[in-house]
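Below: one structure in C-alpha cells.
Going in written order, the chains are labelled A, B, C, D and E, and every chain counts its residues from 1.
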Amino acid sequence: MTQTLLNLLAIAVPLAVGFASLFAFTTWLERKILARIQNRIGPNRISLPFTRFRRLFGLIQPAADGLKMLAKEDIVPRDADKLLHLLAPILSLVPPMMVLCLLPLELPYATAGMRALQAAALDNAVLLFFAITSLNTLAVFMAGWASRNKYSLLGGMRAVAQMVSYEIPLVLSAAVVIMAAGGMNAQAIVEAQRAQWFIFTPWGLAAFLIFFIASLAETNRSPFDLPEAESEIIAGYFTEYSGFKFALFFLGEYLAIFAVSGLAVTLFLGGGAGPWVAAYPALSCVWFLAKIFALIFVMIWLRGTLPRLRVDQLMGFAWKFLLPLSLLNLFVAAAALKLAKPWLSWPVGALVLYGAAVALSRSHRADAAPRTYSYAE
Amino acid sequence: MRLLGFGILKGMAVTLENFVRSYFDRDRRHHLFTKEYAWEPGAPAEVLPARADTTVTAHSRNFPILLHDGADPMGGIRCVACQICERECPPQCIYIEKDYDEQGKYIKRPAIFDIDLSVCMSCQICVEVCPFDAIVMDSQFELSTANRFGGLLQHRDQLLKSNEYYHRIHPEEARARDDRMAQEKAEKEAKQAAADAAKKKAAEAKAAAEIAAEKSKPEPSAPTAGGAA
Amino acid sequence: MSAAAATAAASYSLVRQPAMETGLLEVSMGPHHPSTHGVFRMDVRLDGETVVALKPVFGYLHRNHEKLAEGMSYLASMPFTDRLDYFNSMTNNWAYALAAEQLLPIEVPERAQYLRVIMAELTRLVNHTSLVGFFLNDLGALGTPLLYAFRERERILDLFEQASGARMMCNYFRFGGLRCDVPEGWLARARAVVDAFPRFLDEFEKLLCENEIVLARTQRVGVLSGAQAVNAGITGPMLRASGVNYDLRKVDRYGIYERFAFRVPLGSAGDCYDRFMIRLLEMRESLKILDAALRDIPTGPVMGNAPRVFKPAASETYGRVESPKGELGFYLIADGTTKPYRYRVRPPSFINLTVLEDLCVGHTIADAVVILGSVDIVLGEVDR
Amino acid sequence: MTLNHYLVLSAILLGIGLLGVLTRRNIIVVLFSIEILFNAANLNFIAFWRFGPNPEALMGPMFALFAIAVAAAEVAVGLALVIAVYRHFKTVDLEKLDTLREP
Amino acid sequence: MIEGVAFYILSTVAVLGALLAVSRRNLVHGVFALLLFFAALSGLFVMLMADYVAAVQVLVYVGAVGILQLFAIMLTEHVTGDDLRRLGARGWFWGLMLAVALPVVLLLPPLLNGEPPVPPAAPQSTARQLGSQLMEHYVVPLEVLALLLTGALIGAVAVAHGPEKDPPGKDRPA
C-alpha cells in the first residue's frame, strides 16, 4: 500500500513541478523568440537582487512576473458569482495538469513498479485525454459567466463555440493514428511507431497538420487567439480577473499547450524515440521534451507572423474545411492500411488529400488572390 | 498554380529568416534597433555623452539655454534683454525683465530671464529671432523635478551655460555659429574702421578748412576758434 | 404596500436581466480604445456581430489651432503645423510655407526646392510604413509588421533629427526656403537609407501580400466606389484605391515635381486590400523620386531673400500639397498686419473619415476596426 | 461492494429524477431531471453486468454506450425544441404552455 | 476497504449533485451541479470495471451535454439563470409521494428474497473487445444509431434555426 503511494508520488511530483517550472521557462522563451523575430532584444534588464549576476539574458524575468502577479490586488467584481469566479481558474488548471500524466514519458529513474503505475499504460489513454481536455471549455464558460460582465460573457461564448467546434477535427485526426496503431494505449502507439513515425506517411502528415491546427484553436493560440482579441470590443473571458487568478489562467493555458503538443509528439513523432536512445535510455525523456519544445517554437513562430481570423471565418474553417478533410483522411488511412502496399497507396493517398484540400479551399474563397495594379502617368 | 497556404509559408519564411539572422548576420545584429537608453543607472548625472546610437545625439535639440563667453556667467552674458524672443515665442513661455544699475540706467543685461519648460515646445523660434546669438538649444533632457509648480520654471542662473559647454554638446553647430559671429564682428570692425577713417578724414578736412579760413581772415577773435575745433 | 411592491419590482427588475435576444447592442468603442488610432470614439449599434449603424465621435484632441494662429505672427504658427498630422510634420510645414509664399512671393532657391521634395518624400515613406504596420496590427498580427516598419522609420527619423534637430516636430521649413542647410554627410546617409529601403519593401510584401489570412480579412471589405469617393471629397491613396486618378503632385505640379518621372498606382476594387496595396506601391514610386532628387541636388543657399518681418498685403490664398493622407490645404486671409486675419486648414483625414459609416455598415465589428485602420486617420489633423 | 448497494443508489437517483420532472415548472430543469433518470438506468446496466452471470458478453457496457448516444441525441433535440418554444411563447414555464388544452 | 470508502464518497457526491441540480433556483448553478453528478457517476463506472464507458460518459456528458444545456439557458429567458418558481411550485406534495413510493416498490423484491449473487472474477472489458463486438454482433444497432444521430443533428438545427431573417447588411460579404 505505502509502496504504491511512494511510486505514485515519485511519478506525480516531478511531472507537476517539472511542467510548472517549464511554464516559467516557456514564457521567457516566448518573449525572447518573439523579440528576435521582431528585431528586438527581449527582456534582459532584470537582475538577481543581492548577487553580482547582472542580467543573465533576462532569465529572471518569469520570476519577476510571478512575484508581480502574487503582489497584484485580486479584484472580484461586486455582483460577480463569488464561488464560480474563484472556481473558474482552478478548473482551467486542473484538466491540463491531470492530462500530463497520460503522456508516455519514460522517467529516467523509473523502476518497474513505477512504470506499471504510469497512466500512459492505461487501455484507453487517448480517449481519457480528450475526455479531460473537454473540461477546459467549461472553465472558459464559467469564467465568462461568473464575472457578470456583458462583454466577458460574449467573449466566453465565442471561446466556447471555438473550442467545441475544433474538438471534432482534433479527435478525428487522432482516430487515424489509433486506427493505424490498433489501440489507444499511449505506450503501444509509441511502440507501433518504432519502425516509422506516423508523420512520414501521407495520411499521417495530413492528420498531424489537422491535429496541430486544431490544437492551436483548442488552446486559443496564434491565428485563433480570438478571446483576447484586443482589437475588437470583446476583451475575452478573463477581463475581470487580476492578480494570481489571472496567472492561473496563463498557467492553465501553457500546461494545455504542453499537454496537446505532448500528445502530438506521442501520436505522430514517435514519443521518446530518437538517436542514441538505445545506448542511454535516459535520453528518451530528453527527446520527448525536445520535440515538445520544437512544436512550441512553431507555435511562437506562428504567433509572430500571422494575423487573426475573424469569428465567422474561424467557424467556417473548422466546419467546412478541417472536418471534411479529417473525415476523408480517416477513409484514406483505412484504405491505405487495408491495401498495405506503400508504393501504391502513399502517392494515391497524398494526391487525393491534397486535391480535396485545394478543392475545398477553392470552393470557399474562389477569388481570394493577390491582385495586379495599373499605373497612371 | 498558387499552392494552398503558400502565402502563409512565405510569410513564415521571412520571420524565420529575421529570427535566424538576428543571431548571425553582422549588419542585422547591430541594427537590432533597440537603442540603449542614454542614462545608465549609477552613471554621474552630468552631461549625457552625445553618442550616435543613443537617445542624445549631436543634433538633438530639447530646451533653450543662455550663453555667456568667458568664465564669469554674468560677466560675459550675451543676452541684452531686448525681449524679441519673448514676443516671438509661440507658446509665450519666456519672461524677461531688464536690469538697471543704481542710477536707474538700463544696463544691457536681463535681471530676470525665466523659461517655463513645461510650456516650452522646443521649436527653436527664439534661437532664430535672437539677433545676439544669446539663446541656443540644449540636448539634455534629464530635467524632471519633484515639485510640479515651480520645478520646471528655469531661472536665469540655471539657464546660463558657457559657450565652451555649447561646443561640447553641439560641436558642428557651435563652430558654424562662432564662425558666423566672428565674421560679422570682423565686418562690423571693418565697417567701424571704415566709418572711423571716414570720420577722421572728414575731421581733418574740416580742420584743414578751418586753418585755411583762419589764414585768409585777420586775427580778431582767436580764443573762440580754438574752442570750436 | 405600494412602496414594498415598488421595491420588490425594483429589485425584481434589477435581478431580471433581459435575455440575450438579439436586440441591437449599443457599443461605444471609447476614446482610448487600443485600435482607434488616438482619441477617437465610434458609437456602434450591433445586430449580433454585424454593424447596423456607426457614428464617429471626435474632438477630444481639439487644440484650437486655427483661432490661436490668428493671434500670432505668421512664423509663430509654423511649429504648430508640426502638431497637425504628427506623422509627417515636414509635409505640413511645406503646405503652410507654400500658402504663405503665395501671399508674399519669395523666390525659393534651387537647393531648397530639392531638399523640400526630399523631405516630403521621406515623410511619405515614414507615414506609409507606419500605416501599413498599424493596419496589420489591427488585423491581429502581434506587432511583427509594425516593428519591421518602425525599424525603417527609425532610420528616417534619425535623418530628420540630423537635419532639423527634432525627430518628429521638425519645424524645418520657412517662407522662402528652409531654416538651415543639412549637415555635411547627410546626403550620403540619406542615399544609404534610400538604397536599403527596397530590401525592406520586398520583405514586407513577401510577408503579407499573399498571406491567405490577410486576403480573407481584407478583400471585399469596406468597398468604396469611385463615384462615392469623389462625391464625399475623399483625396489621397483612399481615392486612388477606388480607381480615380487624382494626385496633386501631377495635377498642381507644385515645387519641382514635374522634373521627376514617377507613376501613380491605381486600385480597381476600392476595398481595404487595395488601400493597403496602393500605399505599398506608392512607397516604391517615392523611392524613384528620392533617387533622382538625391542624385542631382545642386549646392547653394537654402533661404531666399525673405523680408525681415513677414507682413503680406491684404489678400487671400489657398495653398495645397499632396500629403501622404490626401490633399492638405491652407487657406489664409491676410489683412496687411503681421497676423493672419483667417487661418484655415483643410485636413485630409477628417474628410476621409466622413465615409466611415457607409464603409462599415453590413460588416462585422472586427471589419469595422480594419476599415478604420485602412482609412488612416491621425487625430491631430482630424481635431486640429 | 455488492449489487444491492448499487441498486439502492440508482433507486435514490431515480427518485430524485422523478422529483425534478414532476415538481419543477421550468422545461430546462425537467430536461436536467430526465438526464438524471438516464444516468440512473445506465448505472443499473453496468451494475448488473458487473455482478451478472457471464460478463464476457459485454451486454452491460454495450447497452450503456447506446443509451448514452441516444440520450445525447435526445438532449440536442429537446433543447432545440425548448429554444423554438421560447421563441414562440416567450416563456419556458410549463404552466403557461397549455394552449393544447381547450380554454 | 478502499473500495467501500470510494463507493460511499462517490455515491454521496452523485446524490448531492442530483439534488442540487433539481432544487437550485439558479439554473447555471444547477447545470454545474449536474456536471458534478455526471463526473461522480463516471467514477462509479470506473469502480465497476467499465472504464471505457466511464471515459465516454465524461466525454459525452460532461464535455458536450453540459455545454449544450448552458447554451440553452443562455438563449432562453434567464440569462442570470435564476428561475423564480421554487421547488414546491405546483402539486409538489403528490410529486414527492410518487418519487418516494416508486423506488421503494421497485427495490423490495431483490432486497427481500435473494441474497446478493457472489461477484465473479473482475471481467476485463477492453476497448478492443467492445470494438470487435460492436462491429460483429451489434452492427445493425450501430448503423441505426448512426442514422438516428444524423437525424437528430439535422432536426435540432432545423428546429432551433427558426424563420429565415432577411440578411442584415446590403453587401454582406460571402
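Here, a contact is a pair of C-beta atoms (placed from the backbone, for glycine too) under 8 Å apart; a residue touches a chain by one contact, two chains touch by 3 or more.
For clarity, every value in this text was computed on a predicted model and none was experimentally measured.
Chemist: Expressed in steps between touching chains, what is the minimal separation of subunit B and subunit D?
Modeler: The distance in steps between these two chains is 3.
Chemist: Which neighbours do subunit A and subunit B have in common?
Modeler: C
Chemist: Treat each pair of touching chains as one step and give the shortest count from subunit B to subunit C.
Modeler: Each step joins two touching chains, and the minimum needed here is 1.
Chemist: Just grab the chain with the largest centre-to-centre distance to subunit B, centres being mean Cα coordinates.
Modeler: For subunit B, the chain whose C-alpha mean is farthest off is D.
Chemist: Select, from D-E and A-E, the pair of chains that is joined by more C-beta pairs in contact.
Modeler: Greater number of contacting C-beta pairs: D-E.
Chemist: If I average the CA coordinates per chain, which chain comes out farthest from subunit C?
Modeler: The most distant chain relative to subunit C turns out to be D.
Chemist: Express in whole angstrom the distance between the two chain centres, defined as the mean CA positions of subunit D and subunit E.
Modeler: That gives a centre separation of 7 Å.
Chemist: Please report how many Å separate the Cα centroid of subunit A from that of subunit E, as a whole number.
Modeler: 29
Chemist: Centre to centre, by mean C-alpha position, how many angstrom separate subunit B and subunit E?
Modeler: Those two chain centres are 84 Å apart.
Chemist: If you average the CA atoms of subunit A and of subunit C, how far apart do the two points sit, in angstrom?
Modeler: Going by mean C-alpha positions, subunit A sits 42 Å from subunit C.
Chemist: List, in ascending order, every residue of subunit C touching at least 2 other chains.
Modeler: In subunit C, 144, 148, 151, 207, 209-215, 367 touch at least two other chains.
Chemist: Which parts of subunit D, given as residue numbers and ranges, touch two or more other chains?
Modeler: none
Chemist: Going by the contact rule already set, what residues in subunit B reach two or more other chains?
Modeler: Expected reply: 2, 7-8, 11, 14-15, 18, 31, 33.
Chemist: Mind pulling up the subunit E residues that touch subunit A in the complex?
Modeler: 28-29, 32, 35, 51-52, 55-56, 58-59, 62-64, 66-67, 70-71, 74, 79, 126-128
Chemist: For a test of understanding, state which residues of subunit A touch subunit C in their complex under the given definition.
Modeler: 34, 37-40, 223, 225, 229-233, 303-313, 365, 367-371, 373-377
Chemist: Of all residues in subunit E, which touch subunit D in the complex?
Modeler: 3-4, 7, 11, 14-15, 18-19, 21-22, 27, 30-31, 34, 37-38, 41, 44-45, 47-50, 52-53, 56-57, 60-61, 64-65, 68-69, 71-73, 75-77, 83, 85, 87-92, 94-96, 98-100, 102-104, 106-107, 110-111, 116-117, 119-120, 123, 125, 129-130, 133-134, 138, 141, 145, 148-149, 152-153, 155-157, 159-160, 162
Chemist: Under the touch definition given earlier, write down the residues of subunit A that touch subunit E in their complex.
Modeler: That would be residues 81, 84, 122-124, 127-128, 130-132, 134-135, 137-138, 141-142, 145, 153, 157, 160, 164, 167, 183-184 of subunit A.
Chemist: With touch defined as at the start, can you tell me which subunit B residues reach subunit A in the complex?
Modeler: 2, 4, 7-8, 11-12, 14-16, 18-19, 22-23, 28, 31-34
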